[in-house]
């Protein structure tokens, strides 16, 4: 059961992950993008964190909607609309007290929304390359955190087809995608709080 | 990092306040600094709204005013603005004629402007600019970057809107100007995003980045510095090869922020000669810092084909902070 | 040294050629590139001629045109022009009204303009600008340096000349504007003279040169970089302390060539607040690169007291490469 | 007797000195000026050298006039009018075949012209601090080259009152004046050709 305390803890954990890794994400984005991903995510989650009292008090779908709206309005860049869309879609698809199956299903739907927003697919060296394996792990009973981390690493040899890194062509090869890394960090933060995710609840 | 700032967090806000104060005769800063808009609006005129990451000044806020934009939404440095900014701008400057978004082709900008268009009540059309030939296109990729040519689109479409052209035609005109405009850039040094604190990239003592983007993104290749004439030759050849058509053109030599005017005029001299070799007649010229990358040293060259209509709109009066003539 | 040039020897010539080509509608490059002059002269009008070392663009050639200078004589980079240049310019632009030389207070410039005035056949008066408060004056020394305030003198006197003011009165007006104008500069990095090839000075990772001159000359002191607000506070205090009088003023924030517009507007925001604290009303504003030092990072602040007459001349139409409004 | 060959040799020696020491003079000027003195002098004497055939064929006063005019028109900066004035004044004061006494007298007159042009005096850390001791050496029979070199060195502890270095105030102390150095170099170049100067010829 994701109660108010857990929602609060989730927001704190996600914000801590983004704030704590802002420099790392920025460094990754400097290598193949424009060097703002860490700042963008930090700014967005600081805004979410500032509203934690209000957001955590809401039912899960409404809390996710508030988070998504805040991300859309505060993050900017490509990641703002994409993470915002992800959260807003989850808000629509998740019941107030979701099972692991609900979560997997909702994530699949939210991923579809991200793809539509980004006109993108897996394999293009973006956050999708982490989100899809996480959904698969949720479905198959595997560990989503391990899946996310492995998938983020696996973006290193990819050539970017979407995102700013795509402008680099072959020069994008050999670097981890910053959005893939931030997705993996968020998955780990969420799993750290929910704990039970990987064992069914 | 050495900058004339108080803190990285407040750069944008303080700079916008200074900008609005220095140009209070022509523009107004919106609530929460979400946008800059013209002081005097023309009821019924189609509204032109642009915006993007900050750090490219005078683009875009410097082109708000009579004959160009109605509003500009400044994002954080090199980060696209958020939909709430465009929605707030729309609410103030759409006086019934609908609005045209002019958006540089970056996924961040496109998605944020798209969300704004979806959420807003206004009738909105969008022109995407993608004039940078440095990045070769491929069918499955996201296409080219929008760079200095954007300000030419804003000027031409701005003059047309001022003359009463309806929204749908403005969109056609903007797409046409963009399709006839090509740019390429070269950097001799990096820029430093204030909040990052370290240079976006590092060039060797004698290196340049050929085909650099306006956010300090890497370009085609990193090579040894060449004489200005050779640099202009390579850039104009890439532009002309891509543009195909010949004829009367506007030649824009755009400084990235850290290059002296003396060098920009020298580059104009070299680029004009190259353009003429390729069969262009340089009918209009613009030299200066218009679409910058903070303090990056280097410049971009842009050729934009002109016909009687677009030349007329280019020449039409404009009164903005960054571009002014005829009034 | 990384610059967009072909060779240090040809920088000036190629840059002037590009400049003249880009602005062929308003100006003409004289023989042997000795001067740049207005395309259309007004017979009988007192001619305004300025000049100085190059590397400060748009000063001075960028201020040739309607409402400002009739001719400018560009010297080598940071080196005053030679008398033959002013004599050649005089021969073309003195249409009977005599000529006013506007000269920045450097001995090289003064002596070369003096020799030209002695050798020329024209009636010549001279205004010396010396607005830089960084260097404390002493009775036996050569006085202050002429810096960014020079362009204000050129604008105001230029408008007066356009309005038909006779030579003797222009000299009085120019001296008055100069006397009511004060500037001070700060550098965050050095410039590199192309022919020298190495930076004129070196600053530590976290140092600034407070009171720097427009040739990269050392200023009052080399200190640790401070927040923009503190820098503006010190500079405006020095300016106001020296200027004495209060009232309506023009505030010019002038970039030295390597500082982004974003930072200049931020400095304007800070400087305006400081000026108001000292009892000035910022009645006019100008922010941008006007009197530069090649690619030096930093800026100068200038306060120039305005009265109805000088404000009117400031607002009057001007059409030059570097400053344009009202036409 | 300063014949055509000697005039040619004098011009070559002065030009070689300025061209060969351009970087040194520029470095001195970077320390307390604007870093162009070497380039200015080089440009001027290259122009004189280019006209050597024409100039050397003239009688000494006319040759000096041509040199002075070229320096005025080509050097620029403060040094152009000053060295130009010096040469033009020498042209007026020297006979076609001067004695050492003529030279001393003419130099005194030319120094007065430089002072008038520069509104300057000895002791202000300028070229005058070399030119005056050279005139004194000529008058007293001392070695003008040694006098010039010593006098240039002696500008190091001075505080500049004229020239760009004056803007530095106390910070000008501890550096040799670039114009003093170029004067000493020119004196050495001239003495090297005339040889006999120091012993009356």
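In this document, chain identifiers A, B, C and D correspond to the written order of the chains, with residue numbering beginning at 1 in each.
What we mean here is this: a contact is a pair of C-beta atoms (placed from the backbone, for glycine too) under 8 Å apart; a residue touches a chain by one contact, two chains touch by 3 or more.
Bear in mind that the values here come from a model prediction, so they are computed numbers and not experimental data.
> Leaving every chain except chain C exactly where it is, which of them still form connected groups?
Groups after removing chain C from the contact graph: A, B | D.
> Taking each chain's centre as the mean of its CA atoms, how far is chain B from chain D in angstrom?
54
> With chain centres defined as C-alpha means, what is the inter-centre distance between chain B and chain C in Å?
Centres of chain B and chain C (C-alpha means) sit 29 Å apart.
> Nearest whole angstrom, what separates the Cα centre of chain A from the Cα centre of chain B?
That gives a centre separation of 31 Å.
> Could you pull out the residues of chain B that touch at least 2 other chains?
Touching at least two other chains: 77.
> When you draw the chains as points and link the ones that touch, which shape shows up: line, ring, star, complete, or other?
Per interface graph, the chains form a line.
> On the basis of the stated criterion, which chains touch which? Give every pair.
Per the contact definition above, the touching pairs are A-B, B-C, C-D.
> Can you name the residues of chain B that touch chain C in the complex?
2-7, 11-12, 14-19, 21-23, 54-55, 57-58, 62, 77, 186, 188-189, 205-206, 208, 225, 227-229, 231, 257-270, 272, 282, 285-287, 289, 292, 294-295, 297-299, 324-327
> Residues of chain B touching chain A in their complex?
Going through chain B, the ones touching chain A are 53, 75-84, 106-108, 111-112, 114-115, 135-136, 140-142, 145, 193, 195-196, 198, 200-201, 213, 215-218.
> Could you pull out which chain D residues touch chain C in their complex?
Where chain D meets chain C, its residues are 26, 30, 33-36, 39-40, 43, 72-82, 84, 117-118, 161-164, 166-169, 171.
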